[in-house]
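Dropping a structure here in structure tokens format, bear with me for questions.
Order of writing sets the chain letters: A, B, C and D. Residues in each chain are counted from 1.
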Amino acid sequence: STRPTESAAVPTAASTATASGPVELREGSKVKVALVPGGAHPYFQPWKEAARQSAADFHLGGVVFNETAEWDQAKQNNLLDSLAAQGYNAFGVFGVSPTDINTTFGDLKSKGFAVASLASCPAGDTNEADFCLSTDVEVAAYKAAKAAIDAMGGKGVLVHLTGNNVDANTQRRIKGVDKAVEETSGAVKLLPVVADVDKDLQTAQKAVADLLAARGKEIGGIVSTAYNPAVAAAAGVKKAGLPIKVVAIDDDPEILRAIREGSAYATIAQNPRGQAYVGSWALALLQSQQCTMRQPGVVIDSGSFLVTKENVDGYDTERRKTSEQIKQRFAAELLSCR
Amino acid sequence: MGPRRHRQAADGVSTRKPLFGLLGLIVVLVVVFGTLSPAFFDERLVLFPLLRDIAIYTVVGLAQMVVLSIGHMNLAVGRMAAFSAMFMGLSYDRLHLPLYAGLCIGLLAGAAIGAFTGWIIARTGVNSFVVTLAMDFALLGLIPVVYTALTANAAFTVKPDGMRELRQYSLGDVCLGNVCGSPAVPQMMLLAVAPMLALGYLYHGTRPGRELLLTGSNPLAAELSGIPTRRRVVTAHLLSGLLAGLAGFMLAVATGSFRATIGEEFLLPSFLGAILGGTAMAGGVVSVIGTFLGTSLTLVIRRGLELVGIGLEYLNVYLGVILLLALSADRFLQRRGVKS
Amino acid sequence: MLIAICVAGYLSLVVASGGAFASGNAVQTFFQFLPVPVLIGLAQMIALSVGQLNLAVGALGGFLACAMGVLMADLGVPAPAAIVIGLALGAAVGALTGALVVFTRINGFIVTLATMTILIGAQYRLVGTRTVSDYSPGLKEFGQASVLNIPLVFLLALGVAALVAMFFRAAAPGRRMLASGSNPLAATLSGVSNDRSVILAHTLSGLVVAITAVVTVAVSPGVNRSIGGDWLLPSFAAPIIGGAVLTGGTAVVLGTVLAAFIVRLVDSARAEFSLQPSWVNFVVGAVVLGTVVLTRARETRRSGGSS
Amino acid sequence: MVIVADQLVKVFPGVRALDGASLRLEAGSVHALLGENGAGKSTLIKILTGVQRPDQGRLLIGGEAVTLRSPTEAAQAGIGAVHQERNLIPAFSVAENIALQRLPIRRGLVDRAHMRAEARRILGLLDVDLDPDVRVDRLSVAQRQLVEIAKALYGESRVLLLDEPTASVSPAEAELLFTVVRKLADSGAGVLFVSHKLEEVFAICDTVTVLRDGRTVLDAEPIADHARDDLIDLMVGRSREALSFPPRPPATQPAVLELDRISTAAGHREVSLSVRPGEIVGLYGLVGSGRSELAKALLGLEPIESGSVRVRGKNVVIKDVRQALAKHRIGYVTENRKEEGLFLDQPVSRNIAVTVWGRIAGALGHVSPAREGELVSMWVDRLGIKLASSRQLAGQLSGGNQQKVSLAKWLAAETEILIIDEPTVGIDVRTKGAFHELIWGLAADGMAILLITSDLAEMITLADRVLVMRDFRIRGELDNDHHYDRTSQAVIRLIHSKEI
């Protein structure tokens, strides 16, 4: 469950209130923020709305959301340069390739732009961006797996469906799931990961169908850390009418629907809206020279939430609360402002 | 093999390479985009990265061109790049070799895998399409195994000395006395120019090059004219692997790490660049400059649209439409030219 | 030859799975996902028969699937109407592509690559990143329905295959297309219009893609921008393993179907033995190469691929 | 019905293929169209069949002006043609190839029964017995030729245009064709007959038109009024004497090429022959007797099962043409230029230079353009190849000029042993003479030549010794005294000799 995160977040929130007043952005009109995901994906859709809202709330020079990177690091680098050429001077980026993105961040910083790594942090233990606001993909995968295992009653056979096998993020998701399974010390058996099934919905559907046809009886839980397999798994399990607990990540309408109708057990919702909204705000503070990071490259958890049938309608308010707390935390601990 | 060749022989137009047309198109587009958004001429933020891309994808196109020249295809062009980049990463990460030593090792690996592919094709006489497709799958399986075994995130992140410089430096940084090159032209461009010159010479000036073309033009007649067609098949695929490797290196340097996903985006651009440039899929006709221009055309269009601020909703639509319009216009003018 | 491999492969799977693989459910699952590879293979084969390539197979399929989905789910168009529109649209796009190839004389590869890009863009315009799923239950039932564990959609695909075979064997336009593909000059001198053949080929190719899209909409839980993203290589692999020649003049319907079957076998094996994806890729590579070496080696001692 | 071409002009990049050519083809007559290679004969025929559009001039059919936009329109106007290039669909059946013009349809599908019947009927006219259902790619060169003729007859053509129909058929088959042609003419059809074999022309034609450099220099005159030589003069533009070579003293040096009781996978049995330097050995036989395949076997393209090959006295096993060329200095001029001889989409220069690169290539295989250029232009001149520039694509040359290119390739190679397969198929009289002098000269300079030809006259003009092959066996050998009647008698006798 998500209790720990919150209980962690709440006291800090309390403390900020006393420590220092909330930070107000004085002059945002010269700051143009570009929010650049790795490519088109349901996960990032809330960024659009957040972009509009932050532009309005903080009177920024402009906030643009551009998803034309098409999951190609080279394309994303070019896109960032183009945006810079168009006058954008603060960047919130989901790096296509976690192992390369630090290089990109470095280049952007060296050109004097404020940079935030949103929704995922660079691989390795350094972060060239000003800060990283995310729930790390590995952690999210870990939580999803745990949720599935709990639902399975702590034992049984678990399967992990995921995307492009040679992608670094996929490797981290696999690690996350493996970790959760290891913690059961053998009570839960993990079938070999089914990767490369996110290419298109049918590949995913086929993979799920074949899986259920071959192993359906023994499988107790499916955790999908990619979008299409999640949709396919929910539908597949429902069709096969097997008592398999499907846990997804992210909260695309399609997945929430599956949870409501019970074909999926749960999902690990993250906080893309908060990432974009708070991220833009912090970027504006940095780029307008009003503040600096106390500890450049710091990593902040943007929160993650277990969504089941029970809280499927309520979890979003909880999530907005968290976003607010993150903002306060920035003000209190992370930024030092003039 | 007959059909396309007859078609070509039948009318001179289709065989003449549309180089000037392409050049014209590129100029026109640059002017248009430049006026729509003056930022287009920003040396540091636009021209430099654009030219760096052109350099990389020109090499990719050449890697496809050399096999097209014998009427074959290489569907594994991207995976061969990844394969050879893997060896480069290994030699930096494990052997701590300097940048160019690692490059050489990687290129050797690329050449080897290419030659092996060519050898299978020559031996079995099976369609290159199928063999390279199979090779692609095989490598697709092999590469992740190695990376997951040896690295944390499916990538070698060590940065040998000179890598950063190679990525960032332009001709502006090479000066004779106090005259310096243009800061808009990345030094990496040299890595593309070198193979362009080499291939240009190979095809126009040397025996093996011409023998490649004739093998593509009519394998049976080539065999009967004393050309070692099988050896040429191997040669072509070897070169393809080598160039793919070079492209992989350039991409890795440009983005930052030697990773398993290198080259995933290479396949279609490799054909597009070469064929736009006037290289015939049926073999026997190549154009090195054309490959460069064809690659430039597509990248200029994309970059221009980006700068004008086209979102994903329209980007691809415009990309395709502009490409079609531009080429149709070009063809139309060409035919007018021939008539008069 | 291919047949032998198919039978052998299938039986070995049945044995390996201790008979489980012969069970109704498994059989149904197996054939449930055969129609799409078969149909896209045929669509590509039709283009190849006149020496053309159709890179837009996946993009067109994805676009049409999404278009039909949106028509039904958002605009409330009844399924039959949506299907008719989809088919018509597919044929139209195909015809347009063919016309472009003929009238601009731009290489078909480039043209279809451009149309592919356009269609991918259009598909995104239609559905963005969402998944459209609440459309005609009737259609979805059809997608799941089966007689004796053989899904209707598979029978549909076989029907289409039969028609295509018929077309190339016995219909005058089909024969003319093959003539154009095999030797355009000779075809011209025999009063066959190569231009017409090319346009017709692209039109039919588009139509078959549209049928594939219909099947997709019926079979899959929903449609989104990912549909069709993975069709390109399979569409080539099936006919070429089946014995089609890239430069035209061949129509190998049976070969295409069998090749698709073989690839599907590998999928199932992957699940059956829960193989590592890497291994599966090895296997696919090996199977593809093995099959073709066996079937082709005796044919041609001539160096190099036929293209 | 008459068909009239009036002052046609056709210009290709660099060439005026037709430059005021006129033709008047009467119904009920066989009309010869003569001219050197590149004179414009095929172009004229392509225009009469709507394959190409004239740049100037008019076509009149039955008195009124017409424009033929496509071969279909020509067919509808009752014009059928056998073009110079082979134009069959290899994978289709004989019947289907014949009927491709207008496939018979029944209930939307091709009516195969009817198609087969039609094919049988037409093949019957030619009385050729060929199974209408056999795939064309299983046929011999000659058989394919006959199918093309049947194809032209399909659809009751009132006008039949034959562009070198006898170029690659045996005399017997040619005879057959002539009787058919006569039949057609007598039944009121107009036949246009293009050939470089003047004997044939005189044998079957009533009237004659001569083209020179795309211009009509003799317009539809009775052939009877003209002697062989003044026709040649008209074609060539200047008079030349017919050549005949005196018998030579038999060559004395030891043989450089010897086959000793060779048997091949292709079916040759116990084939033995030897060729000395300075000697032309003729290998005669009907089409399909296995001569070309013997040559191919010799070059390692067909497996040799038993027997031995000796080159300059040493036993050798030849792997491929490259080895034959580089190591043993053996060259092979293929018989079938389109598939085996030429690179149609490549410049003429490369087509010729391909065999010499090995010799002139320097370090890194560098080929000096100058060196290559002069070699190419030398051979272009020596064979009088008619082209716009050496950068012109081989596929754009006239049929005969293509043949010259494929020969030039091997002459340029400067081999010591040369196997020449059907060198003068589709070559005009003058050039044929030039070829003969050339080949004779090569031998005189000490080259060992094995000459394969189905043209008996040519064989007797050139060969020192003639070997006769039938059904993949050597049936006999005779010394050639260059006396046509005597030697031809002997050869024919050997061919039809019944002994096994």
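The criterion applied here is as follows: a residue touches a chain if its C-beta (ideal position, glycine included) is under 8 Å from a C-beta of that chain, and two chains touch if they have at least 3 such contacts.
Here the structure is a predicted model, which is why all the values come from computation and not from measurement.
Visitor: Among all chains, whose Cα centre is located farthest from the one for chain C?
Guide: The chain lying farthest from chain C is D.
Visitor: Counting in whole Å, what is the centre-to-centre distance of chain B and chain C, each centre being its mean C-alpha position?
Guide: 29
Visitor: Need the CA-centroid distance for the pair chain A / chain B, whole Å please.
Guide: 35
Visitor: Round to the nearest whole Å and give the separation of the Cα centres of chain A and chain D.
Guide: Centre-to-centre distance between chain A and chain D: 74 Å.
Visitor: So how far apart, in whole Å, are chain C and chain D when each is placed at the average of its C-alpha atoms?
Guide: Comparing mean C-alpha positions, chain D is 45 Å from chain C.
Visitor: Residues of chain B that contact two or more other chains, please.
Guide: Chain B, residues with two or more chain partners: 6, 10, 144, 220, 223, 282, 312, 315.
Visitor: Identify all positions of chain A at which a residue touches two or more other chains, and write them in rising order.
Guide: Residues 40, 165 of chain A touch two or more partner chains.
Visitor: Mark out which residues of chain C touch at least two other chains, giving numbers and ranges.
Guide: 124, 182-183, 185, 249, 277-278
Visitor: Going by the touch rule stated at the top, which chains touch which?
Guide: A-B, A-C, B-C, B-D, C-D
Visitor: Mind listing the chain C positions that touch chain D in their complex?
Guide: These residues of chain C touch chain D: 170-172, 175-176, 178-179, 182-183, 185-193, 249-250.
Visitor: Which bits of chain A are touching chain C when the two form their complex?
Guide: Touching chain C from chain A are residues 40-42, 44-45, 165, 191-196, 198-203, 205-207, 209-215, 228, 231-232, 234-236, 239, 252-254, 257.
Visitor: Residue numbers of chain B touching chain A in their complex, please.
Guide: Touching chain A from chain B are residues 37, 39-40, 42, 44-46, 49-50, 53, 56, 82, 143-144, 147-148, 152-155, 157, 167-168, 251, 254-257, 259-261, 264-265, 303, 306-307, 309-312, 315.
Visitor: Along chain A, where are the residues that touch chain B in the complex?
Guide: 40, 66-68, 70, 72-75, 77-79, 81-82, 84-87, 97-104, 107, 111, 123-124, 164-168, 170-172
Visitor: Quick check: in the complex, which residue numbers of chain B touch chain D?
Guide: 5-6, 8-10, 12, 15, 205-211, 213-214, 217-218, 220-228, 280, 282, 284-285
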